[in-house]
Amino acid sequence: MIRTGAGKDPLLRRPFSIHQSIAQGQIQIYFKVVGRGTEILAHVKKGEALSVFGPLGRGFRIAEKSPACLIGGGLGIAPMLFLAKRISQVKKDCSQDLIILGGRSRSEVEPLVADFEQLGLKLACSTDDGSYEMRGYVTDVFKNHDLPADCSVYCCGPEAMMARISAMCKEHHYPCQVSVESVMACGMGACLGCSMPTKSGIYAHVCLDGPVFDAEEMVWNI
Amino acid sequence: MEYLKESDSIPDLRVKIGTLVLDNPVMTASGTFGYAREFEPLMNLRRLGAIIVKGISLHPRAGNPPPRIVETACGMLNAIGLQNVGVERFIKEKMEYLGNLSVPIIVNVLGDSLEEYRQITERLCHCTAVAAIEVNISCPNVKKGGVAFGTDPSMAAAVTKVVKQESTVPVIVKLSPNVTDIVAIAAAVESEGADAVSLINTLIGMAVNLKTRRPELANVIGGLSGPAIKPVALRMVYQVARAVRIPVIGIGGIETAEDALEFMLAGATAIQVGTANFINPRASEEVVEGIGDYALRENLHSIRELIGALKVG
Amino acid sequence: MEYLKESDSIPDLRVKIGTLVLDNPVMTASGTFGYAREFEPLMNLRRLGAIIVKGISLHPRAGNPPPRIVETACGMLNAIGLQNVGVERFIKEKMEYLGNLSVPIIVNVLGDSLEEYRQITERLCHCTAVAAIEVNISCPNVKKGGVAFGTDPSMAAAVTKVVKQESTVPVIVKLSPNVTDIVAIAAAVESEGADAVSLINTLIGMAVNLKTRRPELANVIGGLSGPAIKPVALRMVYQVARAVRIPVIGIGGIETAEDALEFMLAGATAIQVGTANFINPRASEEVVEGIGDYALRENLHSIRELIGALKVG
Amino acid sequence: MIRTGAGKDPLLRRPFSIHQSIAQGQIQIYFKVVGRGTEILAHVKKGEALSVFGPLGRGFRIAEKSPACLIGGGLGIAPMLFLAKRISQVKKDCSQDLIILGGRSRSEVEPLVADFEQLGLKLACSTDDGSYEMRGYVTDVFKNHDLPADCSVYCCGPEAMMARISAMCKEHHYPCQVSVESVMACGMGACLGCSMPTKSGIYAHVCLDGPVFDAEEMVWNI
């Protein structure tokens, strides 16, 4: 959670995923300007101090023994680099792992590809308009790849995409984790603002119980 | 060089709410501090005057569907929908931790009928760890077609009476600002024996998303809190404090010690930090520190000297 | 290349308030636009849907001593004290200029008794340049010990009745938000024949100066306006628009066309730009432009399609 | 009137005097950080755009034929440079003119002296603590100088100082103009927020009728 300004407006912190972090204590976020807070953030100059509160919540749980398939759509690519790094550190065998990145067009995907390629994992990309690699959705890429039967899927992106991927994983009996978004005020379980309906009938709280959930628990609102 | 001498006495920050003595006037507002444990790693809970926990009802409540919050200009709207685990689970799961904190724990209660208020009070008074009860009367009275208890002096008085009859600890009645005459409500609850009033709860508001042409909150309307409402809160505290004899607890947009002290000048005996906890988890502790510093700097013998000390006219 | 075709019709921005047809739904809020002339060098007054001038009373009023304003979080408090030159000087000194603007001029009136409201209405209806009257009922009723007319349905109805009886032009009643049930007030004035309601007037608030230990305003309390109050205004507009059949005019924190359109979705037929005029003197004209652009972009045949078009549930 | 930020908070513009201006369209303001708005303003970087609305109101009316005495106390020095320049341009004979500048201590006065000295007018300074030139108030400097009988006084500073100067001018029958402050919202006569009681019993409005008034009209609130 990051405060984007020092004044009283915008008032609340904004939640972001950690894109990269290094042991020396630097973190990198990758974000899109969608409103006032991100607008201000985009104008922050090198050397300015920001109030950062985190890391918070539960991230992806890496299944160390099973082949991994990481799927990032649009800004859902942001947390995937961090996860891919962790996977390449934690897992012994990454030869069967696959990263699928998708976006609306070239500019949403291409700038990030080099970072992922460094990790040496297999990469497949798509864009809605075909301006970079395959034309289509990440779901198409996912369908086109023959994944190992014991594959684990890690997914972040727009809700509609995650819903589709979840359904496909269910079909193939792949365990699937999704990282979801919600409006947040506190980021620490105090306000109960970030509720998310779950199959069990009670609300989960994205900031504390998530943002990563087992896809099976989710009730998609689409 | 001037010889620096320790001030003879550290200023006395204690204030009294009914029979309850607080080490300092700073509490956390209900619904903005979870069940306190969430803040344990981030601050020293023991420095607070009191902790008020999330509103508890007789039975668990699931709350509203999302989205439940939205930011507005210098404020936020929430429609949490009074989500809580219910009094039994609260006592079983949260009370032990809270009881060991050695800070007065005030439980905020809500109900949709007088009988619910009665039962929950009875249940809580069996817990030794409960230092006081704060009664949220902004809840809809189901019997009266959903009109909030807090919007009518006689309904507000009725709730107070029921809770007071049952309670063995001080009773604070938390007032709704969505009324024509908050002084009349305060007077009504005072006359039924409320030990203190706290105000304000949130103002009812709404936000619209032009792109989707939908309300921002699934519940359509929600409660406005944060710095935006501070002027309304200060005004109501000022008016009520001049009209009642029981202590008034000020709430609304308090982020700093300066804000808190302004409420005390306007007549508040104590204050609560709400939305600010979300922005700065240490906000409440910093308010305690700032009040202490101010009292020292201004050579106050007791912080109580400030209560209602506003110079008017 | 795609062949760019002029859209067949420029969207219709007209709206109707009683018998009065406005070219577009944008007006300037009373007390925030002086007598319009002040803005002449800064913008094109003729683009406005209507101009509402500073509140006028039967007799001149000197207003409150300074300080009269103070900034608050995303808002401001004012205690101007209804300073105005009185209806006679207003007609003599301001009316000719206003009458020549070819924009509907709506006069905001205030009084401290029913008789004052009656007389001022009578006097104004003799001026052909007055397109409508907006009745400020947030004023204290001297006969009722200073309780505001606008806080009681029967008093609000009584003012409406008196003004309607006298008036030859549409009557807009401007509601106070400092009430428990604004829908009841709106219904009461509707039943006495009000042609429209406008809301909200300012929320009553207060600010304290910690250094001087004095209220920031000489008048102690004042009216809160600006972006801070927008959520409360939107909620009240939404509630009232669903309950009455007459047009609702939305006011409160409107700075941009987006804000204005949100009020229209919530049920407003027209809107008023207030405090924003102080920050950007061209604000009201920019709202007109922005609404036009939006209607074009969204292919609206008429801006009226938006009124109350909020999708709920 | 200057907007100090782009957001909704601080909401209102802040009023400032023009310290210097040149024909090419540059203006300079001289200000003190007293609160949030001026704090933000102090951090504005070269090249950033600010929203400025003005000039507004009525400034000093220069009596071209009579010797001038300009008195600036504290931040009241700000408008005096502009006035002194105008006087040196407009008046034929400035030989008898005097500028009195005062402040709490050296740092409030000294940095501005060079600008004034360039104009070639007589200058006398004082500081409350004696850290720069005479110890005392501008009223003391004023008293110590033998001013011509037909002298016109122009004054800006804290209210208490202006009240004292006004009283002294009345005694000596010097016409005196004062530049006063008031909280402002609109700066253009629309809000009626900047009222100031006057001897005539009606409120004047600082933004439109002022900020410069004849001292005789004023009712000092001290």
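As written, the chains take the letters A, B, C and D, and residue 1 is the first residue of each chain.
In this section, a residue touches a chain if its C-beta (ideal position, glycine included) is under 8 Å from a C-beta of that chain, and two chains touch if they have at least 3 such contacts.
This one's a predicted model, so the numbers in the text were calculated from it and none came from an experiment.
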{"item": "Contacts common to chain C and chain D (chain labels)", "value": "A, B"}
{"item": "Smallest count of steps, each to a touching chain, taking chain B to chain D", "value": "1"}
{"item": "Repeated interface matching C-D, over half of the contact pairs identical, chosen among A-C, B-D or A-B", "value": "A-B"}
{"item": "Centre-of-Cα separation between chain B and chain A, whole angstrom", "value": "37"}
{"item": "Separation of chain A from chain D, taking each centre as the mean of its C-alpha atoms, in whole Å", "value": "58"}
{"item": "Centre-to-centre distance between chain C and chain A (centres being mean Cα positions), rounded to whole Å", "value": "47"}
{"item": "For chain D, residues contacting two or more additional chains", "value": "8-10"}
{"item": "Touching two or more other chains - residues of chain C", "value": "73-75, 226-227"}
{"item": "Topology of the chain contact graph, where touching chains are joined (line, ring, star, complete, other)", "value": "complete"}
{"item": "Residue numbers on chain D that touch chain B, as the complex places them", "value": "8-9"}
{"item": "Sites on chain B touched by chain C in the complex", "value": "72-75, 77, 151-152, 178-181, 203-208, 210, 212-215, 220-221, 224, 226-232, 234-235, 238, 253, 258, 261-263, 265-266, 309-312"}
{"item": "Touching residues on chain D, where the partner in the complex is chain A", "value": "5, 7-10, 36"}
{"item": "Touching residues on chain B, where the partner in the complex is chain A", "value": "31-34, 38-39, 42, 54, 62-71, 73-76, 78, 80, 83, 226-227, 255, 275, 277-281"}
{"item": "Of all residues in chain A, those that touch chain B in their complex", "value": "3, 8-13, 51, 53, 182-197, 201-203"}
